[in-house]
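Next, two complexes with chain A in common: one pairs it with chain B, the other with chain C.
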Partner chain A sequence: MRTARSAGTRAFVALAVALSCGPARAHLNSTGMGPIYDGLTHFLMSPEDLVPALALALLAGLRGAAYGRRALFTLPAAWLLGILCGLAVTTTSTTTLGPAIWFLVLGGLVLADAKLSLRAMTTLAVLLGLVHGYFNGTGMGLSAPSIIAALGLAAAVFVLVVLVAALVVTLRAHWARIAVRVGGSWIAASGLLMLGWSIRGS
Partner chain B sequence: MNRFRCSACWLLTVLAVLLVAIPAAMAHESRPAYLEIQETAPGQYTLLWRTPMMAGRRLPVVLRVPDGIRGLREPVVQSLSDSILERRWIDAGPQGLAGKRIEFPGLQFTITDALVRVELLDGRTMQMIARPSQPWVEIAASQPWWQVMGTYTVEGVRHILFGADHLLFVLGLLLLVKDGWMLVKTITAFTIAHSITLAIATFGYASAPALPLNAAIALSILFLGPEIVRSWRGETSFTIRHPWVVAFAFGLLHGFGFATALTDAGLPRGDLPLALLSFNIGVEIGQLAFVALILALARSFQVLEIHWPRWVQVLPGYTVGALGAFWTLQRVALLVGALR
Partner chain C sequence: MKTRLPLRSALAVALMATLWAQTAGAHLLKGEASGFLTGFLHPISGADHMLAMIAVGLWGAQLGAPALWVLPVAFPLVMAMGGVLGLLGVPIPGVEYGIAASAVMLGAAVAFELRPPIVVAGVLVGFFAIFHGHAHGTERPPGQSALLYSMGFVIATGCLHALGIGIGAVHRWSWGQKLLRASGAMVAAGGVFFLWRAAA
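For the complex of A and B:
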């Protein structure tokens, strides 16, 4: 039963990723504090990047320390790899469909407190990192500052996942875990709104 | 606890190394440009525009005044050892500069800011900062005190977060301390010490020349490296037993460094108290946020049961020492070069 559910989740995620178009996250804003801070602040100031990473950290935290460890090493590495792949690409696109699907999927999984296998969660983390990293990288241009900004961004992802996953792991009270799942429902609801907005816009 | 703190420091050390790897991101090498606008008669102003020299070249930022303003006489340009001063005399008409925008083309391609001070005939003064993300300022009809405070608080936070050497010193202290109470004492001692010299230097009661000061700050970081290794080996020393004393002593030096960020801008003394207080608050906010982040990471690594390999655990200590040595050599070389 659990295997079937995991397979179903993986299939749904694969479909969601296949459907997702590239969100617009190219061209880092200058903070005036150097490329590493540009990368850091870009991640922290971009809800379409921040919220799915947050949702994945919540999900990993709900499942325990082993999941948290896996997410904290997998997600930033995949994100960095995605950025490096996207650096050479100069085209960008502007749709909210991709982030909306990620919001829905990850928020839904947190809401359901889904008993994902470690492998399924790792797959999710890799896909999320690669897709978002790739679209972060597009349009940045292949240059030394871009690579440093990519490292800053990956470091921000790492820090977020460590802090959030560890915080959720420490939650023992039933109501606290319910609160995390309510957070997941808000993320899913936001995804639903974005999806509607995206479809209406197109 | 200490091992996990080491692990947490590892990530931040990597970030610090990255910061250092950016040539333009060297601490104290991001001196801002400075513009002083003084109203001498209704609608008439004297402009003092100072752009720092970096590695022998002028900061590539120009001053653009609003359209419709005429020069009263030819600008005067004066080259100093560390900056270029330009003085202009303008007539902005009966409306003056109120509500008008002063632009700094080129600032968006730099990593520094332009500080702007405006003195009006009615006694009002304004202080603003143009940044690469917004390379212009607008002369408002008035600027309340809380806006000045906000500006310099943000500047203080930016300075501590951008000053890789200050952060690395704090990181070194964190690696040395063994318990929570000692951490509180050490950070408090560092805060008190740098606040003292920041105030003294900003008010002009004492000063430290930039080149020896920067070399001494680098030396303070280098000093911590061997002490951290000694602490890991279970050995003891005065620094390990009383890190707060070392934090206080070197904090005095770092305070002069913080003061450089204000005084290099050429800020006039009259308006300094509020700016100084706000800047110091900003520095403390940035510093405490950094310490809190390290402690939170250490705790998180513990919760997630992450067991770092030995070489990762010792990396932060060696990085503190290695970067301290590198900066010391680099800055001493600059000092020797300047003395010749």
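For the complex of A and C:
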């Protein structure tokens, strides 16, 4: 008896949910959420932006929790500021020299497990955020959706730094820290090659 | 009692995942994905490259720390320098010979279980990496992302080193040490074949 009643209740709830569903809003442009995802996916699908941010998060994680916390707020804030500065500029730049240098420098620092001071790491985070944000901003153009996209992009940077730095901070095994440094060597090697492509291109 | 995932739940999850599938987005950025794939496949598609890179991992595993990670770090970095030389048009004579010789030398080092100082091992590995990098750097197909191509072949190189280290883990057992030395001999034999083919 009890089973039959609970089955009836479940069917009623299912019917109520089915009948009360709202519009799907599958086309997010109409709801204002589109630009957020534009910014977010732009960052995640642009290795020239993603990898230097990843390298900085690895570096901060290797140095400890205080460095991770500093990078966590500094990098996205600087990135957002850089985008806002770049939005007013109408020309776009597609040079690969800048990202190549960031790959090389940050990858090299991760590889060397460089004992940077907190101030030096903060400076690096601010510079990285401002430069990359600025070049992101120049490609967006000044408009309301661009500003929302900038927020999405900064949020993606924040999430990346949170996840990566927190993961690396927790690593205690010697081999795990070595693996992170090997990852840094891959980033530096890619940067070196990018530098070659840039020089040859110019 | 051991809890097992009911088949019905597993099927429901599989069905939900299938229905939830997004568009593939395979052509979002022209040339980008193929750039990574081309770079990634470059070291893997050439047996001469592959033998030498796996041998670096085998030798590192045989030598133990710090060579275990110094050699696989040195190789991609110096390989990238070789790639830059290739990109800038700096000629290196006998690149194919150098690549084949790398398999011979590194395979022989594993076969004879050579234990030179870490600096010597690093210099030897780095020297041969220049030839591999020079070959990679000059062979990017036009129209593909240089960054993703570069990342692809650096990551593939790292994975081949990791494969060598993984195989080299058998070194802890006495039978494994013999197996490892036999593998080194096979790598060296492969190198001799490629050397002969380059000369032919």
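Operating definition for what follows: the second predicted complex is superposed on the first by the 168 of 202 C-alpha atoms of A that agree within 3 Å, B and C clash if a C-alpha of one lies under 4 Å from a C-alpha of the other, contacts with A are read in each partner's own complex, and residues count from 1 in each chain.
The rule is simple: a contact is a pair of C-beta atoms (placed from the backbone, for glycine too) under 8 Å apart; a residue touches a chain by one contact, two chains touch by 3 or more.
Bear in mind that the values here come from a model prediction, so they are computed numbers and not experimental data.
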Discussion item. Looking at A:192, would you say it contacts chain B, chain C, both, or neither? Reply first, second, both or neither.
Written reply: second
Worksheet item: Of the two partner chains, chain B (first) and chain C (second), which one does A:47 touch, if any: first, second, both, or neither?
Response: second
Item to complete: Identify the partner contact of A:84: answer first if only chain B is touched, second if only chain C is, both if each is, neither if none is.
Response: neither
Practice prompt. Check the residue A:200 against both partner chains and state whether it touches chain B (first), chain C (second), both, or neither.
Written response: second
Discussion item. Tell me the contact category for A:181 with respect to chain B and chain C: first, second, both or neither.
Written reply: second
Item to complete: Go through the superposed model and pick first if A:35 touches only chain B, second if only chain C, both, or neither.
Response: first
Practice prompt. For chain A, give the residues common to its interface with chain B and its interface with chain C.
Written response: none
Discussion item. Under the definition above, what is the set of chain C residues touching chain A in their complex?
Written reply: 28-29, 69, 72-73, 76-77, 79-81, 83-84, 86-89, 137, 146-148, 150-151, 154-155, 158
Worksheet item: Considering the complex alone, what residue numbers of chain A touch chain C?
Response: 45, 47-48, 51, 96, 99, 111, 178, 181-182, 185-186, 188-190, 192-197, 199-201
Worksheet item: Tell me, which parts of chain A touch chain B in their complex?
Response: 29-37, 65, 68-69, 72, 145, 148, 151-152, 155, 158-159, 162-163, 165-167, 169-170
Fill in: Touch list for chain B against partner chain A, complex
11, 14-15, 18-19, 21-22, 24-25, 108, 110-113, 131-133, 158, 161-162, 293, 296-297, 299-301, 303-306
